[in-house]
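See the structures that follow.
You will see subunit A twice below: alongside subunit B first, and alongside subunit C after that.
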Partner chain A sequence: MNQNTTALGSLCAAAALLNSLAGQANANPLTQEYSLDYLTNVYQEGDIPQDKLATGSESRYTINTHLLMGVVPLTEDSQLTITGLHESMTGASPWYVVPGDEGEPAQVMSNATIDEARNQIDLDLYTYHDRSESTLSLSYSKENDYDSVGFGYSGAWRFNNDLTSINFGLNAGQDNIHPTQDDRFPGRVRSEAQNRLGGFVGVSHIMTKNRLVGLSLGTSNQVGYLSDPYKQVWIDGSVAPDARPDRKSLTSLSLMWREYLPAYNAALHTDLAAYQDNWTTTAASLNLAWHQNLPYNWQLVPSMRVYHQTEAAFYSPYYETTRSDGYYSSDYRLSEFTAFSGKLKAVWNWSSFQVKGSYEYYGTQGEHPGLVSYSLYSFGMGATF
Partner chain B sequence: MNGTHLHSVKFRAMGSPCELIIHTSQDAGPELLQLARDRLTQLEQKYSRYRPDSITTRINAAAGTGETVPIDQETLGLLHYADSLHTQSKGLFDITSGVLRRAWDFRSARLPEPKSIEALLPSIGWRRVTWSQAGISLPTPGMELDFGGFVKEYAADQVAQRLRDSGVEHGLVNLGGDIVVIGPQPDGQPWRVGIRHPRQADTALLKLPMTHGAIATSGDYERFMLIDGVRYCHLLNPFTGFPVHSPFASATVIADQCLIAGSFSSLTMLTAETDPDWITRVGLPYLLIDQSMQVLSNMESR
Partner chain C sequence: MKHTFWLLCIVCVLQGCATVEPWERGTMAREEMAFVPDKLDQNFRDHIHYSKEGARMVGAGSGGGCGCN
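Our next item is the complex of A and B:
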């Protein structure tokens, strides 16, 4: 008697497992649910050390961000995501670098007079099909001296029983800048534009139930005004505008490895990336994140990132002689440096609500006196209904 | 429900006549039926052994090569289910036993040579198959998997679930006699599901009222041949390679899921040769029709 009731129990359990797996295999990613998420960030740059400051404000940028995102199902296989973002920035930014008493580079900062706001809206139309998915994106961003419009298309095509996916995308955009004029820096450009065109192609493959690997190749081209109108350079005692080539091409390669470890109820996300551009900057990064599932619907995600880049061909903290090609930039973002960051994120899900918070510290090492460190505090909550 | 309309479609899929019936709004009906058929087509393409691009064909093509064919989550779930079926039936339900089809041609009206069956028996044996979430590998050339023993019942559940998820509250999914009922009819009346007379095609021996759940029947009439008055049916014993001689002409089982109903109706037929009371100890509603067309059932109270 017991034997056959065991048969029923055993097969019902196997059928229940099958149903849950079938759900994963065929889950229509569009849940037909509305969702609303709110996220706020405080980005706080560390003060510039006194021994690296020539003149100007010690304190740097603080940026407060508020983001609201809503997902609206349109049809059974499509949904629209609308994201609105408001950022307010205050603080000072690096202007240029001068040689110190012993030739060591020292940063000249703006005074803490910058007080700006930026607003952005993004629309993403996502459609899902049995074998493919695609996203059409439109983006518009506006601040007092700058506006930007972007367009993107990305898609994925799944095959091999949905185990393998080819991913691809194209994006294009135009940025227009109308810099605030400053009598101290005559010759600052009045109105400039740059165009962007990029694309990527990649493949991801589910190797086992617990392992996902991927590879992606990307390229991007920027043409137009690529200098920073608010940055200057010191050339043999004179100050001149930042002047970069009007074309930048870059290629990137990234590798992804996701491993779910059932014994720990956790997943390790590993990402490696390499990057090279025609300004001779090469860069590489390693990102490790441990997604630990915990009781009571908690998840903790500690992560770390290491990044290194070489300097651009025409970069120098300051210039003792003029360059024949006329290109100058002392922007710390074009210098050689190594950056480390550590982050801890906590997520709590309850029914259809989610609350999350994170803290990240980012630090840099390199020769440039204006290299940045920052703390990023983030808090968000969301609901589906 | 006000404003609902009857929408139905008949078609052939998975080698069987199929019918979908739903009551829903005038506009949504055709789209919902198509949605359901899309899921069925997806499963048929994925598991049919007749399609060169199916996972079944790929697994079978790699038999004996040492290659581990990667599988997705759904296939892993089906293999796990097949494994449970094998265990619970003490090996009588074996998804590697489909190779016997090569020896048994039920249209030929001739018994196969014993030698041809003996030659196939080494290719049968689920326990020798290596499988895990990483993939599956059949150990010997010529070995074959056949999901046909339960994928139609699984498909009926999946199609019904897709309709339920889309808001259908009154409907019926019939895939070649594997039936899932989605709620009662809109007026609250049960659906009346016919149980086929095992010896008279197109005749219902009786009708069962159903408002929910699933019903499946396994019979010795599906594919068979009569030789010297002996009925040889498609239900093959994987240990002997010969059809089971069940005291039942058909076994019908009702369960919440068609997959469960179908598995127990098949197991009832397979085990009945040695243990005709097997199904009476399972705890599911059953209806058996014996070779003299007598009905045995625990469903009087239904």
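Our next item is the complex of A and C:
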């Protein structure tokens, strides 16, 4: 643990040094404007169908979230962004899966309604230079049984008459887990930690006066306790704790394409992403969004997303025999599934004020009985001054 | 066949490249042409996806938070 803390400290120091060396004062200063944005969300998961429920509550999570973001100019070349989040959660959580009468997987849910809250603060120090820009990020999140601290540094170097930009970054973090104890599950861990270290490199290019394209390749390593302390597995009639490998290495690739169509006064956003990790999970997603400008400063943004992932090597909804490697997880997030989502967002701008609202539905298709579907309602407002 | 497909894709993309003078980049300053036009909304959605799916994309920022259950 001490070695990890030292490594994180060294990384912070190195990034702070990089930030101070990243360039000279620029010829294209920031707007020097303050801004304040508020966003509230109601996230509501659909009930688990009765034919997929073994025991426990059918009502799943509802999360109410409030986010506040303020941008403060510091000098003519730098600004600080402060983001605060508070969310309250209530509902039942999936525990484990048992075989039904004909072997079909059935979900065991928690009985009691869980009430939790989470608070998070993020600080982003952005500096803009003649040929480059950089951001130092710090993040802290706190729940009653989980706290997480994160650090990030990202930079960009522009060249080719400012048409092309090389982007790069590092991020690291440490999570500490101290689960609520339950007499029904005596094997539950008491205090564990995990560390993560990652980085990315990418390129973005202005291809035409109406086309912007970006490509990014990232990798990350997670080490430590990577299991879910609240999840169990069914192994040949017995219930045991979720047990995953203590190391995970992942790679991600993303392509972003922005095309402005003057004839429609609209922009098309296309995002493609691919993912692979050493737990044998591979995933891909496609996100399309149409940003339609309308009269009277309105904008309408319909969007859709398709996501597919394969299952982790050690995942099974339940186990009829023990595994030689000792790894078990019946978490729906490690199963194979496809997700579809559709969203409609409306934005209205008036002078330096903005009001926005959106609705999104997310549904899943797969073998696991605990796969989630949700509705997300959002409302936000902001001002620049 | 597979290589031919990717070669065609690259040729198509490169055909779209052109020199864009600074005074022609007004469109690029539009909010809807940003990679992330609404950072607050995007970060929240990313957190949901990270919480409910197996993949975790690596990008800028510091991340954090459990997002369990």
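Basically, the second predicted complex is superposed on the first by the 355 of 385 C-alpha atoms of A that agree within 3 Å, B and C clash if a C-alpha of one lies under 4 Å from a C-alpha of the other, contacts with A are read in each partner's own complex, and residues count from 1 in each chain.
The rule is simple: a residue touches a chain if its C-beta (ideal position, glycine included) is under 8 Å from a C-beta of that chain, and two chains touch if they have at least 3 such contacts.
Note that the structure is predicted; figures quoted are calculated from it, not measured.
**Q** In this superposed model, does subunit C or subunit B come into contact with more residues of subunit A?
**A** C
**Q** Which partner does A:206 reach: the first (subunit B), the second (subunit C), both, or neither?
**A** Once the two structures are laid over each other on A, A:206 reaches both partners.
**Q** Does subunit B (first) or subunit C (second) touch A:286, or do both, or does neither?
**A** neither
**Q** Looking at A:163, would you say it contacts subunit B, subunit C, both, or neither? Reply first, second, both or neither.
**A** A:163 sits against subunit B and subunit C alike.
**Q** First (subunit B), second (subunit C), both or neither: which does A:130 touch?
**A** A:130: touches subunit B, not subunit C.
**Q** After the superposition on A, what does A:82 contact: first (subunit B), second (subunit C), both or neither?
**A** After superposition on chain A, A:82 lies in contact with neither partner.
**Q** For A:275 in the superposed arrangement: first (subunit B), second (subunit C), both or neither?
**A** Only subunit C; A:275 stays clear of subunit B.
**Q** Do subunit B and subunit C land on any of the same subunit A residues, and which?
**A** Correct list for subunit A: 161-163, 206-210.
**Q** Mind listing the subunit A positions that touch subunit B in their complex?
**A** By the definition above, subunit A touches subunit B via 1, 3-8, 10-15, 17-22, 24-26, 76, 130, 160-163, 206-210.
**Q** If you look only at subunit C, which of its residues touch subunit A in the complex?
**A** 13, 16-20, 22, 24-28, 30, 32-35, 37-41, 43-44, 48-49, 52-66, 68-69
**Q** Could you pull out which subunit A residues touch subunit C in their complex?
**A** 37, 39, 41, 43, 61, 65, 67, 69, 83, 89, 91, 93-94, 114, 118, 120, 122, 124, 135, 137-141, 143, 146, 148-152, 154, 161-163, 167, 169, 171, 173, 175, 177, 196, 198-200, 204-214, 216, 218-220, 228, 230, 250-252, 254, 256, 258, 260, 262, 266-267, 273, 275, 277, 281, 283, 285, 291, 293, 299, 307, 309, 312, 333-334, 339, 345, 356, 358, 362, 372, 374, 376, 378, 380
**Q** How about subunit B: which of its residues touch subunit A in the complex?
**A** Subunit B reaches subunit A through residues 35, 38-39, 42, 46, 55, 70-78, 80-81, 83-85, 87-89, 133-135, 154, 157-158, 161, 257, 259-260, 263-264, 267, 278-279, 281-284.
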